[in-house]
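Note that the chains take the letters A, B, C, D, E, F, G and H in the order they are written out, and that residue 1 is the start of every chain.
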Amino acid sequence: LSIEKQFEGFRAHLEDSNSLRDRIRAVAVEMESVTRILYSNLLLVHQSLPISEVLEKAARQIEVLKGHYGRLAEILLECPGQYYRYHGDWRSETQTAVSLLAFLHWLETGNLLKHEEAEKKLGLGVSEFGLDIEDYLIGICFMSNELPRYVVNQVTAGDYDSPRKVLKFLTDLHAAFRMLNLRNDFLRKKFDGMKYDLRRVEEVFYDVKIRGLAPVDTAEEHSMQT
Amino acid sequence: GSSKKPRTLMVDSAMQDGFAKYAEYLNELNDKRERIVKASRDVTINSKKVIFQVHRISRGNKEEVLATAENDLANVTKQYMSKLVKELQGTDFWKLRRAYTFGVQEYVEAATLCNFCKTGTLLNLSEINASLLPLSDPSMEPLQINVLDYILGIADLTGELMRLAIGRISDGEVEYAKKICSFVRDIYRELTLLVPIMEDNADMKKKMETMLQSVVKIENACYSVHVRGSEYIPLLGTNDPDFSLFGAADFEP
Amino acid sequence: LSIEKQFEGFRAHLEDSNSLRDRIRAVAVEMESVTRILYSNLLLVHQSLPISEVLEKAARQIEVLKGHYGRLAEILLECPGQYYRYHGDWRSETQTAVSLLAFLHWLETGNLLKHEEAEKKLGLGVSEFGLDIEDYLIGICFMSNELPRYVVNQVTAGDYDSPRKVLKFLTDLHAAFRMLNLRNDFLRKKFDGMKYDLRRVEEVFYDVKIRGLAPVDTAEEHSMQT
Amino acid sequence: LSIEKQFEGFRAHLEDSNSLRDRIRAVAVEMESVTRILYSNLLLVHQSLPISEVLEKAARQIEVLKGHYGRLAEILLECPGQYYRYHGDWRSETQTAVSLLAFLHWLETGNLLKHEEAEKKLGLGVSEFGLDIEDYLIGICFMSNELPRYVVNQVTAGDYDSPRKVLKFLTDLHAAFRMLNLRNDFLRKKFDGMKYDLRRVEEVFYDVKIRGLAPVDTAEEHSMQT
Amino acid sequence: LSIEKQFEGFRAHLEDSNSLRDRIRAVAVEMESVTRILYSNLLLVHQSLPISEVLEKAARQIEVLKGHYGRLAEILLECPGQYYRYHGDWRSETQTAVSLLAFLHWLETGNLLKHEEAEKKLGLGVSEFGLDIEDYLIGICFMSNELPRYVVNQVTAGDYDSPRKVLKFLTDLHAAFRMLNLRNDFLRKKFDGMKYDLRRVEEVFYDVKIRGLAPVDTAEEHSMQT
Amino acid sequence: LSIEKQFEGFRAHLEDSNSLRDRIRAVAVEMESVTRILYSNLLLVHQSLPISEVLEKAARQIEVLKGHYGRLAEILLECPGQYYRYHGDWRSETQTAVSLLAFLHWLETGNLLKHEEAEKKLGLGVSEFGLDIEDYLIGICFMSNELPRYVVNQVTAGDYDSPRKVLKFLTDLHAAFRMLNLRNDFLRKKFDGMKYDLRRVEEVFYDVKIRGLAPVDTAEEHSMQT
Amino acid sequence: GSSKKPRTLMVDSAMQDGFAKYAEYLNELNDKRERIVKASRDVTINSKKVIFQVHRISRGNKEEVLATAENDLANVTKQYMSKLVKELQGTDFWKLRRAYTFGVQEYVEAATLCNFCKTGTLLNLSEINASLLPLSDPSMEPLQINVLDYILGIADLTGELMRLAIGRISDGEVEYAKKICSFVRDIYRELTLLVPIMEDNADMKKKMETMLQSVVKIENACYSVHVRGSEYIPLLGTNDPDFSLFGAADFEP
Amino acid sequence: LSIEKQFEGFRAHLEDSNSLRDRIRAVAVEMESVTRILYSNLLLVHQSLPISEVLEKAARQIEVLKGHYGRLAEILLECPGQYYRYHGDWRSETQTAVSLLAFLHWLETGNLLKHEEAEKKLGLGVSEFGLDIEDYLIGICFMSNELPRYVVNQVTAGDYDSPRKVLKFLTDLHAAFRMLNLRNDFLRKKFDGMKYDLRRVEEVFYDVKIRGLAPVDTAEEHSMQT
């Protein structure tokens, strides 16, 4: 009898944990869908849509995304201490989200989106459910991959000052990453790729400079905003 | 200084029109597929539960356990298979097969397992299909499980029959186990001839290997009880080995 | 006995379906062969053969291809409702065919070949046997993969206006695709690849623009036709 | 500067998490070593060492094992909420430990070691660090694998009552497991194996019974202890 | 021009060799189909169908199989010296065929089917196209794999003398194989597996012997033949 | 006894064929070693060593290689009709050899090394032992893989005319291959890869052309030879 | 009723004696191996840090960064390699190679990388081995890194040189990158001939493929900067392309 | 230049070591062949050949084997300190040899062949070239794998006392092995397998015991010898 009772408990436990994972995955699917739309909005920046408009469109999606993180946080509250049991189910979505938020933030302020800022934007960090640091760093690497394309299209559209600004930003970012002692893992591989982004931006800067298209140096002392 | 000219201003509207149409088509298709996948997953999970229920059979509780299993199966049919039936019609049967095949296979497995336990025979595809007919709207072409899904389900059935046979021997029901053995051998032999002419038969080839292992496991179990029993025929001075000595039934009053 | 009898029936059914499939595959092999020739003809565009000649050569092959679709349609009449059972056997040929037809159409008109137009060119859409929309869209993605190469070779041959035109077309196409809600499948993967085509064409446009090789901007306001 | 500072933090974080995993793995290695000794001790039961001696020898090792779980718990306190991040590193050791404890418990009491009892013996369940239920169940399956051997050796040594007792226990255990709706995973596979243990014990019971070696039925009403 | 001409030659060459291979494969597919039917007939031996009936059913299929080998031989006459170029296309079918013929032969006569006998049954060995010795040996190994199952089912059906007969046969066969100096290849691997068949048959013989089920020993001093 | 005798025959047979294979493999190992030296010589072409020097160094190794093919031919005379039985043992060496010879030939003459020329250079084609056409074609594909790297390094070394020449050669080669009706096999896969070589060379040609680095166009109207 | 006779009572004491000896041997060997694995892991981690330090090179800080790297490397030698040296002697070099090979390879990688940055040449195996001599007890046979580990380390070095080259081009040091390119090509060509005669060369074969990719990456980078630079030679009216226009050095005062 | 020179030296070194290895491998191949014959002889014990005859046949092969070890020792003298560089080339042969010698020794004396005894039989231990203790232990594990089969066949042949003797030996051996602190390596895996041998022998002992076939217990107190 006593054994039976215990196993009845186990039966309930197993079914609960299966349904929990199903619910988490359902949220992750929706996150994935929002980040796609967000990315779609962001892409317009390559077609020279004014940044203010891009930011505005994005703002709405970020709210939706935040909502999803809220739902995820609620689900995780039901199983305290099991964050990392399910972490793999929303990891890659979070990395993409960070990359998009960081790009938007850079467009807006010219600065790197910090870890706490990213957490705040996603509504994380209040409970035990925070933004994993490796996920944050990978997201930043993904963001760097978008910059060469941005610079090429900006120059084509006649903005000859952007290469300098992007180059400055990317050089600093690269230098900061070099401080880390990375293991031979996914993050290291992504960071290795950043070198090529840097080089491409330099080439564009060189192209603009050598033709005398870049604005005079005094411009540097003014604002970073477009 | 910026002289930007947004590239998107001159959108190709003919293109947009076409894609609006494609988007609608894809949205409908994807939604339907999503509904079918969910229904199929429900069918799978609940058919598995039916199978687990059948395995709760013991010597004394057979009718009772099977009644519950059949009832559960009827619920699967009514609650979940009906959803599949409602979504699918015409070209969907093949177009969306991948979205529902696993559910249907598991359903076939559960239905044929219940039927075997009850009647000792193989529930035919036409019988299963007939039982699905009442679920569908008479104006629509009704869902008919295809031969491939049926065969794939039968292949998995043999694994469950193996589990059942081992359990039955434990309960002293050796004749039952022998019947399973001969039944599974027949299925294996028939499928041997069908596998090479099935389409996409990579899965099925793997299942055949597992099936052969199941056959051998049952044969070994029958062998073991036979040899053991044969030893005591002279010992007991009877020609009917007392297999009832096996199993839990015996030592508890 | 009952088992044997039922499986005997299955055997007959499966053998019928196999022989049908054999006939379908025979047609698909011939389709594959025609699309190879068609592709071969089309490749000459990279070697700056006049477009009119390319189109003319292609027209003959398209007729042959249409004939094969006719034969396929006849075979499929024998198994109504099972169109999608055998679909995998000619899918990839159809996708390639669409990509070639769409490229030719773009060369000729500067417009995207629409789904109905593609169906018409292949003689489909009359019976139950139409052009699957996903196949059509995948074919369009394949076509996009050819554009970077086209643009590079056109510039090499001295046509400095083509990058602008291709970029315009590809940007619109990419935007149109983004309207679709894609699942995580082959089409999605192919569409994700289109990003790289776009990026490459942007680079080429950048190259001609920064060197002042692109024709003056007034051209942009006029026609897209070659 | 601000970026640099942030990255210095990341650097420290990454190094900490690497060293944490190293320490966890070091503990797991020692757990593995103790469970080996424990198993070694337990094996003597097959050679008919009096159970009291076996239990006594084991008791010392269990203390050591408990100590390791204590150390593990301390380490995990440093990273609250990350239990499942590192769970894979000590899983299989825990499953083995459960199987040994459960066998010892059965020898001592004739009952199944319950989940809470297992937790208690390992000093778990106080903090957030408990005994995962699947690990517990897998451990119980492992334990069942030892019973056929035990019964064979007991009969060889002249203890003709043990088959009945083991059969009773295993039948109940098997019935309890059948209550669970397992997925097609590792646990299901292990549970499937239990059937063969059951069958082997039945065969031995049959051998003993048919030869009239089993004690008279009145024995059943008395104690389970040897 | 010159390149083109050369490649035209290659084209013809490749098409010839492709069509030859297609014809060979078509025969191999049919061989596979017959061996399957043969195998399915042979399976009845496990269900205690009288051997005479099994042999009779098989005889018809063997005739069909022989016909296929005849067709293959004709095709190979067209490409003298290229037997081993295409050998891989019917190898595995031939190995299976040998294993089935050898099993049937053993059932009928209690002896090993010799290489020449196998060739004769398949209608080979007349022209250059003989039965490869390695294929023959691998087929014999496959046959050995069937014997444990056969013996188990025979005993279950009450034939307590078969383990002794099979054991004698397999022991001799194993001893003969050990004379060969095998490389570390497929055949060696298959032969290494024969050890397990032998062991299993020994176990079955042990089972009937220890229970006094094997026929009286006097039989052993006389002939081993059926 | 009879079994034993048969197996004695098998033993002799297997030992003969093993020793033959050993000898063939020994030659293949030496071939591999020469082709490595040849490859290593050829690598100097990327470091702008004068072609004449590269050719001279290579000539000596080619003689050695020819010697090995001579020894192989002698061994094969011992087992007429079994060329394709052992073909796999020197296939990949031959393909590499062809690729190296073809590259050297192209450097020297600007032309494709023909099949008969390749046979002659390797001393083949006299007896039954010729150069398999598929091996030749695969070797040519391998050679194509080297060309993008060659062109990149030539341009870096200041030779701005090489992209045009290589592009012409590769375009013709690719067109010739497209005439073949390839199966879905290794050769087809290798040929499909050639497309990427072609594309890369086109890109390099584009790079020099758009920057005005390519020699004046008049050259194009004259000879293509080095 | 139990009539047990513990099977262990009559232990085979000769057997036990032998095994006591074997146990002692294995314990010592395992402990030693464990110490070596730990030391090797320390060497690996810290050599990797040296390599990361080298990659922190920029145009302005070369001496400083390299000085730190060399200092760190000297610490690795003194603190961690010395432990390895102390544990290993005689037949251990080959017997326990698997326990320390990864550490030694990484150490070779770090040492040769530092040396290349400083001198532009390949640090020879004999030079590394000479530098290890002072670490060992003069009475013992000193640890000498074997040819295989050296070569495996050099193979990885080329990957780091690729990273370095891309970075140098970014900083406008094109000549430096070209030097790396030619250096890596030489190594690749030499290794082409050695790989087939190395024992257990499966790893090495994989490394050769990666190495070729590294060579091509460097060549493409050099090509790219060359083509770009060539365009502006006429533009600028000089024969010396001003590569200093590349990189961060230029736009910050 | 310096690179070339250094690598030239490496090349010489590696070629020397390769040729040494070739000679070692040639010896190892012959060792393998002798151990096969030895194993073949030993297998007759399963067919109840008198032990004295088995031992006699074996003695001759052991002499041959010893000769091979002598040749190996001579070769190894050329590379002092590098014994373990080439160890892998004869390891598995040595393990097999030990297992055979140990089985023979057990048949003859009923005792375990000790490490020094094994060394002596193989003529090792004089120079630096001794019998590696791990190889010795693995060989002993291999020997254990043969015992279940031996016991089964002995019982079949009517020797009902062997299970007791083998079980005693194997129990002691297993206990002795448990004294060792094994790493997670091949030896450990082999030792873990010994458990199954023990279990099988226990089962056979159970079979004879429960049937009253085992000789009376007084025998146990007497000698272990055959």
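Observations
Rule of thumb we're sticking to: a contact is a pair of C-beta atoms (placed from the backbone, for glycine too) under 8 Å apart; a residue touches a chain by one contact, two chains touch by 3 or more.
According to UniProt, the chain labels map to these proteins: A, C, D, E, F, H = Translin family protein.
As the structure is a computational prediction, the values presented were derived from the model and not from experiment.
A centroid comparison over C-alpha atoms places H as the chain most distant from chain C. Interface comparison, F-G against B-C: more C-beta pairs in contact at B-C.
A separation of 40 Å divides the Cα centre of chain G from that of chain H.
Computed from the mean C-alpha positions, the centre of chain A lies at a distance of 35 Å from the centre of chain C. With centres taken as mean Cα positions, chain D sits 61 Å from chain C. Centre-to-centre, using mean CA coordinates, chain D is 44 Å away from chain G. Shared contact sites, meaning residues of chain A that touch two or more other chains, fall at 47, 175, 179-182, 207. With touch defined as above, residues shared between interfaces to two or more other chains in chain G number as follows: 7-8, 193, 228. In the complex of the two chains, the chain H residues touching chain D come out as 171, 178, 181, 199, 202-203, 205-206, 209-210. Touching chain D in their complex are the following residues of chain A: 2-4, 6-8, 10-11, 13-15, 18, 80-87, 112, 114-115, 128, 133-134, 137, 172-173, 175-177, 179-183. Those residues of chain G lying in contact with chain F across their complex are 182, 185, 188-189, 192-193, 196, 216, 219-220, 222-223, 226-228, 230-231. By the touch criterion stated above, chain B contacts chain C in their complex at residues 7-8, 10-12, 14-16, 18-23, 25-27, 30, 33, 90-91, 93-95, 97, 121-122, 124-125, 141, 147, 151, 186-187, 190-191, 193-194, 197-199. Chain F makes touch with chain G in their complex at residues 32-33, 36-37, 39-40, 43-44, 46-47, 149, 152-153, 155-156, 204, 207-208, 211-213.
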